[in-house]
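Paired with chain B in one complex and with chain C in the other, chain A is shared by the two complexes that follow.
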Partner chain A sequence: MALLKYTFSRTVRGVVSVFVIVTIAFFAIRLVPGDPVDVWLGDYATPELIAQTTQAWGLDKPLVVQYFVFLRQLAKGDLGTSLRANASVTYLIGEVFPYTVRLMIAGAVLSVFFGVLVGAFAAVRHNSFGDVASMTACMIFLSIPGFVLGYLLIYLFAVTWRIFPVIGGEKALSAAALWRHLTLPALSLGLGYAGTIARMTRSTMVEVLNSDYIRTARSKGLRQSTIVFKHAMRNTLTSLVSMIGVQIIVMLGGLVVTETVFSRPGLGRLYFTAVSARDYPLMQGSILVIAVCVVVVTFLVDISYGIIDPRIQYT
Partner chain B sequence: MKRLLKSKMAVSGGIVVVLVLIASLLAPWVAPYSVKDFTRDLLAPPSVTHLFGTDSFGRDALSLVLHSGLETLGISLLTLVISGLIGIVCGIVSGYVGGWTDKTLSMAMQGIMSFPSMMVALLVMGIFGTIGRASLIGAISVTLIPRFSMIMRGATIPARDAEYVTAAQAVGLSRWRILWRHIVPNLVTPMVVVCSTYLPSIILLEASLSFLGFGAPPDAPTWGRIVSEGGKYFRIAPWLVMFPGTVIAVTVIGFNLLGEGIRDAVDPRIRGKLTAKSIR
Partner chain C sequence: MKRAGLVLSILVLLVAASGLVGQAAESVLRVRLANEIVNLDYANSQSVSDTVVLYQVMEGLVEMDWTSSEMPIPIRGRLAKSYEISEDGKEILFTIYEGIKFQRGYGELTAEDVAYSMKRIMDPAVKSRIATYYAAVASIDVVGPYQVKVTLKDSSALTFIQALTWNGASYITSKKAVEELGADFNRRPIGTGPYQFVSWSPGTGVYLEAFDEYWGAPAWGFGKPGYDKIEMLLIADDMIALDALETGELDVVGLVGKGSVERAQQMKDITLSHAASGSWQHMVSFNVKRPAISDVRVRQALAYALDLKTIAERLGPMEKYWPCPFNPFVFSATDEFWKYDYNPAKAKELLAEAGYPNGFTLKLIYPAVYLWGDVALETGHYWEQIGIDVDFEVIEYSLYATVRRDGNWDASVASQTVFSPYLYAELYMTTAFRNYTGYGTPELDALILRAAATPDEAQAEVLWREFQQIVTNDLPYIWGPAQVAWFAISNHVAGVIPVAFSTLVNLAAAHPAP
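Let's look at the complex of A and B:
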């Protein structure tokens, strides 16, 4: 019951924050000088053509009117029509969204899995050679720009060894082909954040392993694996969850580069094309969807606290 | 400083940083070729004459990387200075004044921070133009200012509530004098730490944005732009991506190590707290 009430209040707050973000984005995009019509028409601009296009895109109306038109459409689930692609924004986003969700989930799972595993390993072997080596690897991964890592993976696994396909989405393919297409982008997206998560896991776990109850568990004669995975891991995870949540949100930003390098359809690349083309409705729609993603991830992270640590109450 | 020099990590990071800085500053003298040396060797693989190979115009890739070092690091450092100054001032004002100013500022800052930096930076560039140094620096600054501000706010509040500040108020010193003489000196350490923490993030974000073709104009490329140009010929000339990419990575590693060394030397207690906030 408490969880239900909590979910409800969080949903209301989430909707409000998305609304605020979208409103700010709406006015910010439009208040600044520079006309998308000029950019669109370029050298072909004649006064008549400019007037015609401005009217067709609804940009001739006062800003407030444009805003209310936007809100009315939004209420109907309509995000407007893309200025460039001449298709509805909802359709464009809907088409690429599954690719992004798959990539995000695969990237997040990879980074958390490798991150926590390597971090725990380094913490258990604190100050040993393995610790230094794995932390050096982490430092390298979190310092390589995402696009360089992407190209490196393509070069090694697709060009040299031909294990994975180079680029593209995974439209109308079998499950196996889908995974093959997903592996390299997910690695390229996830490995950098795995480095960060591993470092955080290590520092948290070193602290936990030095605490009294771990000493008690050791003196009881429990096996090392039981101590690490049952006693230490759980307490490490509670303090890690919020940081991992932040990393997953940051990972959303990495989508733009990863999807570009691997020429994958996706939300990041769509947003990037919208920005390059000054496609207002498409920018607006992408920002809305990204904002919803951020709110949902934050919510899931908060919920998972209670699952990992039963002492936490939802209020 | 002594502690800093004792740390192997900081020293090796520092050496890398100094080498990269010197190479970039002295590019006109140390680079084997000029960026205007167009040869007929298009996309030549690395060799003794061209260590990093040549690009699609037959230019020496090593010289290209060296010549664009100043542009890349200059933009990153300028961004650090601008966003640092604004963020630190906002943070101190927020923490010291408190009340509504603090609430409004903090809310705005947290709002920006809850969004992925890359997305915020792209939005800013979408609004102010995708080409040009000013909008690039502005876009990265917008994502960094809240981070500086929130950390400085956090450091200002305990200093503001300290007993010696209450004493200074009791003596009747003016607000400005208290702020300048009694609070700001306490904030120098967190300032140094925060700047060294976020510089690598700035370099990475700048690289990603220029990789996407945003920011610096094509005639004055930064490292990210060079990688992006090389990416077009990736299948036949992978060295055009790998060498400049490695230069970016090594530079970022250098700044990361140096930053971590500084952090540990200045205050071992903050260890782990700040490293977690790598942004990209």
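Let's look at the complex of A and C:
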């Protein structure tokens, strides 16, 4: 019951947050220098064509009127029509969003898996050669820009060894297609974040491994893996989960680079194209979807606290 | 029992094998698109990728013959069996071939479709960016089942024909298709070309399939489509596209960025090919309303200061030295009036004569796209050698037209490709909205309009040469190197025709190499 009430309250807060973000975005993107009509017409512009296009796109109306038109469309579930493509924003986003979701999930799973594993290993081998080597590797992955890592992965795994393709997204949802098309982009997106998670896991776990209850577990003769993954990990997870949530949100920002380098369809590239063209409806639609993603991820992270630590109450 | 199982297994294997034998492998041609599709309505196509797709799906009444090595590139009828220009240059009678079919069962191409497709560009409701190409048109009339007469307000038939070869200005679609598809037409183009549109997947690319009823354009020798399917895949980065070519994921890659040709030259099993001439004509524009720049001696000094041949060489194989107001493939183009060979001493002398012995501060703006940034940096570097204090400013591409129109700059870099002298010359007219330089005189306007409205080719050429001489003397622009459109093509593919415009390629005759 408490969870249900909490979910309802968070949903209301989420909707309000998204509304505020979208409203700010609506006005902010129009403050950015540059006019979509100018971009569209370029050197073909004539005063008559500028006037015609401005009117046809509804940009001649006062800003407040444009805002209410946008809200009215939004209430009907219509994100409007892309100015350049003259296609429904919902259609354009719908075509690429599944690719983004799959990449985000793969990147997040990969970064958490490697991050936690390496962090736990370094904590257990605290101050050993293994600890220093794994943390150095983490620093390297953290420092390499996403596009450099992407090109490196393509050069090694696609061009030299021909294990994965250089370009494209997964057309089918078979395990083989996902493996072929997601592995390199997910590695490129996730490895840097894996480094952050590993460092965080290590520092938290080193502290936990020195606590009294772990000493007790050791004195009882429990195996190292049981101590680490059953007893120590649970107490590490609370702080880790909040950071993973933040990392996933930050990961959204890395999408443009990853999608461009691997020539994958996705929301990041779509948004970048929209900004370049000052395609207001497409920018608004993309921002709305990203805002919803952030709200959902934050909500899931908050919910997971209670699952990890039953002492935490939903209020 | 065991024997029965064995016989059954053999039968199953035989059936499976016969199925495999019966299935011929589909031939697929994979082509790179350098940027995202924007709009596939021929009247409103915008990105180069739109043009690349439409080039395979649609056909024009008249087109430039890129298979020819003649200069200027000859114009030939494609859907038009003939086009007759009246003596006064005010009427053009187009006669189209009979029996040409539209894709997707939209029936036979008729004069009705031709007139409709052309009028559609002029329709204000369509908001076509190329409506200005039709500014001289008074009427378009169907005069027979396969004949259309275009009547012009003046004698500019020759200019109109030249404009029709560019930007899909003479693409013909089915009236029925436009009416049926409505708002979806910009995502489902219908034409008479060798490949028909299947789907566009945003962020991924465009898929085409062979149009089995394609008429083959016998006069052009295209024949039936050489591939079952064409996949046009969106790959923004040149190097990644070349990687994909190397691994066999792509077959045809149009090269855009600096260094890509050099990389492709090192690759095995590919052929490097380019159109007969340069495409993008790089131009350094001068804002002649600014104090120092308004003096023609200063502009000439800035021209003498540039070693354009070396700049073209330094920019690599993608650039060709061509200091001329028109692209080399355009009717009447000539570089004979260019007199500003590299001479820094003469440049300094002219600057001193104009009252700037110690140079002056010059604001050079450019967006960091294509090779414009490289052209700007090279140009600015040479100007600094004669004492000019160059203030470089990078402008976001989306804002570039607005900033240039605002006029707070001395020099700016741009490039242009059009296939008609008039469309180039329009830039120099006092009435032109996109004349950002502020240059122009009523006399020059009159000369341009006279040249555009001269039906006789020889006379028109004389007038266009006079125009080129005047502007080469006045230098509202310095015409830098022309970018060559290079293609890296897998040796498994033959018959690809490169077109002199960025990544534009004609695949009508493409087929698997023997």
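Everything that follows uses one rule, which is that the second predicted complex is superposed on the first by the 308 of 315 C-alpha atoms of A that agree within 3 Å, B and C clash if a C-alpha of one lies under 4 Å from a C-alpha of the other, contacts with A are read in each partner's own complex, and residues count from 1 in each chain.
In this section, a contact is a pair of C-beta atoms (placed from the backbone, for glycine too) under 8 Å apart; a residue touches a chain by one contact, two chains touch by 3 or more.
Quick caveat: nothing in here was measured; it's all calculated off a predicted structure.
J.: Would you check which partner chain A:R180 touches, where first means chain B only, second means chain C only, and both and neither mean what they say?
T.: neither
J.: Which partner does A:R125 reach: the first (chain B), the second (chain C), both, or neither?
T.: So A:R125 meets neither chain B nor chain C here.
J.: So in the superposed three-chain picture, is A:L142 touching just chain B, just chain C, both, or none of them (first/second/both/neither)?
T.: Only chain B; A:L142 stays clear of chain C.
J.: What is the contact status of A:R10 with respect to chain B (first) and chain C (second): first, second, both, or neither?
T.: A:R10 contacts neither chain B nor chain C.
J.: Report for A:R278: first if it touches chain B alone, second if chain C alone, otherwise both or neither.
T.: A:R278: touches chain B and chain C.
J.: Of the two partner chains, chain B (first) and chain C (second), which one does A:V261 touch, if any: first, second, both, or neither?
T.: Once the two structures are laid over each other on A, A:V261 reaches both partners.
J.: Looking at the overlay, does A:V159 come into contact with chain B only (first), chain C only (second), both, or neither?
T.: Touch status of A:V159: both partners.
J.: Which residues would you name on chain A as touching chain B in one complex and chain C in the other?
T.: 34, 151, 154-155, 159, 260-261, 276, 278
J.: Flag every residue of chain A that touches chain B in the complex, lowest number first.
T.: These residues of chain A touch chain B: 17, 20-21, 25, 28-29, 32, 34, 139-140, 142-148, 151-152, 154-155, 159, 192, 196, 199-200, 203-204, 243, 246, 249-254, 256-257, 260-261, 271-272, 274-276, 278, 283, 287, 290-291, 294, 298.
J.: In their shared complex, at which residues does chain B touch chain A?
T.: 111, 114-119, 122-123, 125-130, 200, 204, 207-208, 211-214, 224, 227-228, 231, 234-235, 238, 241-242, 245-246, 248-249, 252-253, 256-257, 271-272, 275-280
J.: Under the stated contact criterion, what part of chain C meets chain A in this complex?
T.: Chain C reaches chain A through residues 36-39, 41, 44, 46, 124, 127, 129-132, 183, 186-187, 201-204, 233-237, 239-241, 243-244, 246-247, 249-250, 396-399, 401-402, 416, 433-434.
J.: What residues on chain A touch chain C, complex-wise?
T.: Result: residues 33-35, 38-47, 49, 52-53, 56, 84-87, 92, 95-96, 99, 151, 154-155, 158-159, 162, 165-169, 259-261, 263-266, 269-270, 273, 276-278 of chain A touch chain C.
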